[in-house]
Structure formats: C-alpha cells, structure tokens
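The following pair of complexes shares a single chain, subunit A, combined with subunit B in the former and subunit C in the latter.
Then we have the complex of A and B:
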C-alpha cells in the first residue's frame, strides 16, 4: 500500500465524522481544535480506522494522537507491525 | 468547611430567603418578584465570584457552591437564576475577557444591576456543541450573527449574553466555535417568548433570535475559534454550581421527610420507629452527604484541568441524586407528598430538568466513560488503594482488553463505565470528607455510599456489547441495523 493511499483513506474517514470536505482536511490540523471533534468522536474515529485497516490497536496506543498527521502515522506504524 | 466570611454570607442568605422567598408563590406566578432579586443583589450575591477589582467579592467556586446550595433549599428558580449568573453567565467574561470588556460590564454584573445569561443550545443542537448552526461571519469591522438559540436561562431579564456561535475560518480554525457578548439592545437581536415549563417556573427561559445581528468585533470573547476550549471551562463551572443547587434541593426534601416521619404516627408509633423508614432516611442522608462531598471536591479543582471531568461526575451524581431523594421524600410522606402544599411536589418538578440541562446525563456519562478510559491509557496501570477502586480499574481494563478501540464505538459500554466512575468518585469524595471530620455519622454515611457504589460498579461491569435482544424487541431486521 502506498503512502498517498493511506493518507487518502484516513482523511476520507475523518470527513465522515466532521462537516469538512476531504480536500479541506490537512495533516497539520488538530482533531479537536481545528476539526471540532470532541473526546468521544475522536476516539470513535480511531476506532473506525482500526476496523477499516484491520489493525490490532489498543486503547493505550492512541492516547497521544491529536492531529491528522499523528493519526496517519499511527496507521502506518500498525500496518508495518502487521506486515512484519 | 466554608470560611468565616462565607459562613456569615450563607447565614445572611438563609435569613433573607426564609423571610422573603416564597417558593410556592414564585411557582404560581411563574416569576421571581423583582424585590427578591433586588434583595439578593443587596446581599452581594451576584458579585461573589467576580473580581474584587470590579466590585465583586472574589470568592472561590467552592464558596459560591455553599451559597447556591443555601438558596436552593428555599427555591430552585432563584438558585438557578443566581447560579447561572455566577457560573455560565459571567465565567467566560471573567476568565477570557479583555481589560476593556471587564471595565465595561463587570461592575454592573457584580452589583446585580445587570444579570447575565449564557447560550449554546439551539433547536437543532442540544448537547452536541460541534453542531452549532448559529453562525458569525466577518462583515467589515463587525461580525454578522444569524441563527436561533433555545432554552436560555435568565433570557427575559438578562443585560448581557455570552453566546456560542460557529465561526468557520475565524482564528484559523476551519470549523471553530467562538464566544460573543450580546446586549439586548443590539440590532437584529431579539429575545423570544417565555417557555412554559414543568418546573423551575420562576426562572426565565427564552429563545434568542439573531437576524443578521451586527456586533462590533470587540464583542468576541477570548481567542476566536477557541470556543470549544473556553466552553469546557465555563460549562465545568456551571455544572458544579448546578450540582450545588441539587444538594440544596435534596437537603430541603430530607428535612421535610425527617420532620414528617418523626411527627406522623402510624400503627401506634412514629413512622421513624419503623426499620424500613430509618433505613430510607439513612440512605437519603448518605446520598446527600456524598453529593455535597463530591461538589466540594470538584469545586476545589477550579484551577485544575481535572475540574472538567470531575464536574461531569458531580453533575450526573447530584442531579440523579436530587431526583431520587425528592421522589423518596414524597414516598415517605404518603398521599401528603402528592399535595402541593407540602412543597415536595414542587421540588420533584424543579429538579427533573437537572438531569437534562447543562448536558443530558446520558451524554455526559458517555463522555465520563471515555475520559476514564483515556486517562487510564495515558497514566498506565496504577495500584488501587481499595476494593472499590480495584473493581473500577478491573472493569475499565476488561473493556480495553475485550473490545480494544471498538469500545469507543459502543456508547452503551462507555455509558456503563461512566456510571461506575461517577459512583466511585462520589464514594472517594465522601470517604475523604468523613476522614477529615472524623464524625461517626460521616464515617457511617461514607461506608453506606461505598457499599452502594460496589453494587453499582458490579452492575455496570455486567454490561454486554450484545444488543441483539434490543434489536429484536424493536423489530429491527438485524443486530446493528440503525433503521
């Protein structure tokens, strides 16, 4: 899987939870302050990502994920672990 | 324990309310007499949490909770009006306002000459602050506000409104919210009619209409686009003060129930002599003790980020507690409790809304459960100090292990964890307060609450993600279907 595809898929999923178009979502944006997510919806997003990418992510793994870029990085790390 | 200053103010408030506040008359008229509000203003109640530099008393959140608790023992409508002014109404201005905004509005707010109101809820957005549809856009040197707000406490007589609006693009946040200060005289702004309510009839509840209302840019409160963060702090204050009001309502109901059961004779002896009545009264007092302990423990965190989570627990525990206490007090009165003259029917009606406003309890419990899981994930495993704390830790751990991240997409599980968390926090606060006082009755009440909390945690931990029975009952085609 190539990097742009992962980013595109992550951003597409985020766009399903916030009223912001995919093309307007940028990696540096913060899930809560910039995209208006709260603690529940941001955790819901990470949960959706884990299901969509079939990743075995634990609750403790997402404690420090606050931005779109960190979300993408989390997916990449766990995809790499899965492939290893 | 309140300081001498606060104890004296609370005593003054008690004397004034006993003489001048008639809850049944306020309920019947659906209005608080102006002289009552003026009298409370003369006592200085509207300025107790405002800065001394602007005419306030500069008291703490914990101090204000003592005062609001006292007022609620006499009338909940008055308590809500005062508590709203001290919390949601002025907290944003005090914390985030500029020097110019402070100078312009705080002096009149401190004397009660101006009453404050606060508004987030909209016809299409209740507890979900991210769905605000009232929008403020830049128009030259002004902000143009368009939209509608609902259920605004103090709406009819407020002189200043703190209003949450959506401000897309403002401050760099694409979908941020901001807070704006609005005055009744602002062009394009209308306060709508009074709502007719089940309880709290004396308090004013109105809608607000913004039709291209033009506000000077200086009306923005704090950083543009940072409304969500500011709201978290403001709502934490509001929920804590509202919880204090619930304590006062419960105290009134318990006083009435104690008075009735010690005076009323049945089967040749006072009701109080019956074991079942004694147990009920003991449980009512224990719940009230835990409610007050949790409110004070929460209020002492006013400078701490932990205030947000603690205020969620206090709001849910105290509003549920006030409803339960009022209902039990009615039951202990028998048929008399159903008669308005007793005053308990009014309490029952008044406290019902506390489970709904300032965040519906079910929503807050889901947030509390989410926060608890996130906190444990960040802090890592910790040694639990007692059996109850261990039971909560085991419950949280079992959810994380069994469901992993899916738990965050299953609100029922988070809700159950929220209930368990709320009770453990209340039990912890009650135990700490009892240990501080070393009073035998306090220690016994803390033990009773701990026993109840263990049952609540065990019940909550029995929750299952399997919702197939619910779907079958509702006739849904397959488990997981939403329509």
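Then we have the complex of A and C:
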C-alpha cells in the first residue's frame, strides 16, 4: 500500500470541513469562494493540519492561505522547516 | 490580591481548563502559565488548537458529549476552570439549547465528583444578573428569581448558573464576566463590531448598557478564584458599564471613522432574527446575533466592586484594551494593514 501524498492528505482534511468530496477538490480552488469555508473553518483546517503533520503553524499563518494549492504549499514549507 | 493564598508552584496540583482554546480560555491559560502553573487544557476532537499548540501546554481530550473523556481529563486535578459552557450558535430553539447545555454541565459536574476535584470555577455571564429597579449598580446578590424570557441565551445561562450554584458535592464558585474584549478572540465574538469598524463596514447594533471587560482581567479574576483559600461564591467581572453607542464612538475615533447610528430595539431584534433564520438555512454567519441584541438592550448597570476588593482585579482602561486588541488583530490579520489589505479575506 502506497503512502498518501501530502496533497492527498491535505485534500482529505479539507473534505472533512466542507460539503465537497475529496475527488472534487482541486488545487486551484479557493477555500472560501469555491469551497464555502469561513475564517473559523479556515483556522480549524490549519489546526487539523498542524496536528496531522505535527507542524508549528501559527494563528497568523492562516491569513496567507486562500487556496487549496496554498494550503498544500504551506504544509510543504513547514515540513521542510521541521526537517531542517 | 491580599486574600489570595498562592501555594508554592511545585506543590500545587494541576488545574484543568475546559474551553481552553476559546477566547477567555487562551487568556486564562496565559494567566496560569504566568502564575507558574502548567495547566492541562481540555479540547474536543475538532477544536482549533493552533493557539494552544503555540503555548506548548499539555492538551487532553475533554469532550462534553463523551463523559469518559471528562473523567480521564480530571484525574489528579485539583481545580477545574469550566469556560466551555454551552453557547448556542443560534437562538431559535430554546428547549433544545437548554437541554444540550444542562446535559453537558451535568456530565462535567459528575466527572468532577467522581474524580475528587476540589473546586470548580464555573464561568457564567452577566446575562444572569438582574437589573435593579432604582437604577443603581447590580451586584452579586442580584439574581433573577426565574429565567428571563428574552431569548435562548438568557434562558440557558440562567439555568446553567442555577445548576452550578446548586452543586453540593464540592466547592463551586461562579464568575460572571461582562462583554469580553481584547486579544485572542479568534472566533470573533464581541470583537466583531470593532473589526467591522476598523474595516469600514456597516456595524448593525442596538443601543443599551454594555458591561465590557478585558479578557486578560477576567483571566486574573478567574485565577484568583481558583487559587485563593476562601473565594466568594459569585463574582461579577466588569471594567465599566457604558452605552454601547458610546463605546463604539470611542472605537470609531480610534479607527478614524464615524460610528454608525444605533438601530431601535425593535429594528435590532427583527434584523437579528432574520439573520439567524438565514444562517440556519445554511447562509453565512449572522451579522448580528440575537443574544447580543438581548444582552445589550437588557443590559444591567454592573457594580463589580467585589472583584476589585476580594480578587484584587485592577481593570485596565478601554483605550488600552482597544490598542492591544488592534495590535493583535493586525498580527493575525483580522484587521488588514496597508501591506495586507489586498490579501485580506
């Protein structure tokens, strides 16, 4: 069994917060305008990511994330920081 | 804080904070840590714990719908700070909200009894404080004899506080904070109006007395209630009671804007009810919550002298609270600075 990619894991977590199936979530989609998230659920998503990937994401980092692709990129950046 | 007797840090059993990830919870955690404590922080599975993780405090599952997690969280705990009382998202179904709130509180009280908790500091609301007919300030003795019939929030808070005060198995003390302002209002409760003003948005509101208080001062009061040897049974926490319109005018001047005029009580109630129905049908969050309208138009004048004298709380002035809230809100970008204005949500 192959390990899920970062993209797959992020999209799976997003799908737990919005009424959209994982397979219908695309990187270019905007968390708010396209997926219906608000500031509270955006922060909840970052919290879930922080726990799932064991990242030290801060509250202030949420403001930089507007799309699925940016969410994935944020996880990659923090994973790289953790590995450094 | 002459009445407060602080035990040496090393000998003090840990405290548990229920609702630690919330506005007051985060400020209380900061106060406990500043006091040299290492609080255990209760969280639910879906709680936003970003701010708690930043504080490097121990997190523990404490789900009000899973009593076994409450018992586990309270093992070895001396003092429980219960800041997680049910807050109805909407005010449309009074019976349902009351049932949820009382069921969850009962589970907390039972878990505390079973695990030998010595004291529970229950955080209620000034919604339970009855106004005086002569217009003088209401104090800790002013309780409604029966639940106010203004809405689900007042009804729920009255029932919850009455249940907490009826507890006989161990010590329960009740704190009634007013409208909290200050840093770490991540879910944008009472701070919504400030952010709206700062962003130049319409801020629909009624007028009435609002007993505001900085959340950091509430945290100091709660800390005193949890640590002092002979705490008062009920304490009101408020810096001052002023007209909401006056508070918004101060905030508007701070942001260099003009405060919008207040709606009449009837207009505000109708607007909030319409907003709640729209939100209940899957729309965005209500722009004016019904409980806020009820709290403002029925707000009593509060005399919080006891908290000053017995808990040693010194309330900070409004301008300091506004300044610190603004700095925090810009840091987390709830209020955009020029450089972030385009990227702001």
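As a working rule, the second predicted complex is superposed on the first by the 80 of 84 C-alpha atoms of A that agree within 3 Å, B and C clash if a C-alpha of one lies under 4 Å from a C-alpha of the other, contacts with A are read in each partner's own complex, and residues count from 1 in each chain.
The rule is short, and it goes like this: a residue touches a chain if its C-beta (ideal position, glycine included) is under 8 Å from a C-beta of that chain, and two chains touch if they have at least 3 such contacts.
For clarity, every value in this text was computed on a predicted model and none was experimentally measured.
Of the two partner chains, subunit B and subunit C are each touched by A:51. Using the contact criterion defined above for the overlaid structures, shared-chain residue A:60 touches subunit B and also reaches subunit C.
Legend: residue contacts after superposition of the two complexes on their common chain; A:18 is shown touching subunit B, with no touch to subunit C. In the superposed model, A:32 makes contact with both subunit B and subunit C.
Number of subunit A residues touched is higher for B, counting subunit B against subunit C. Comparing which residues of subunit A touch subunit B with which touch subunit C, the overlap comprises 32, 38-40, 43-44, 46-48, 50-51, 56-60, 62-64.
On the subunit A side of its complex with subunit B, the touching residues are 18-20, 24, 29, 32-41, 43-44, 46-48, 50-51, 56-60, 62-64. Those residues of subunit C lying in contact with subunit A across their complex are 46-51, 53-54, 186-188, 284-285, 331-334, 340, 343-345.
Contact residues of subunit B toward subunit A in the complex are 129-130, 172-177, 225-226, 228-229, 366-367, 370-371, 373-374, 376-378, 380, 400, 404-409, 411, 414.
Residues 32, 38-40, 42-44, 46-48, 50-51, 56-60, 62-64, 66 of subunit A are the ones touching subunit C in the complex.
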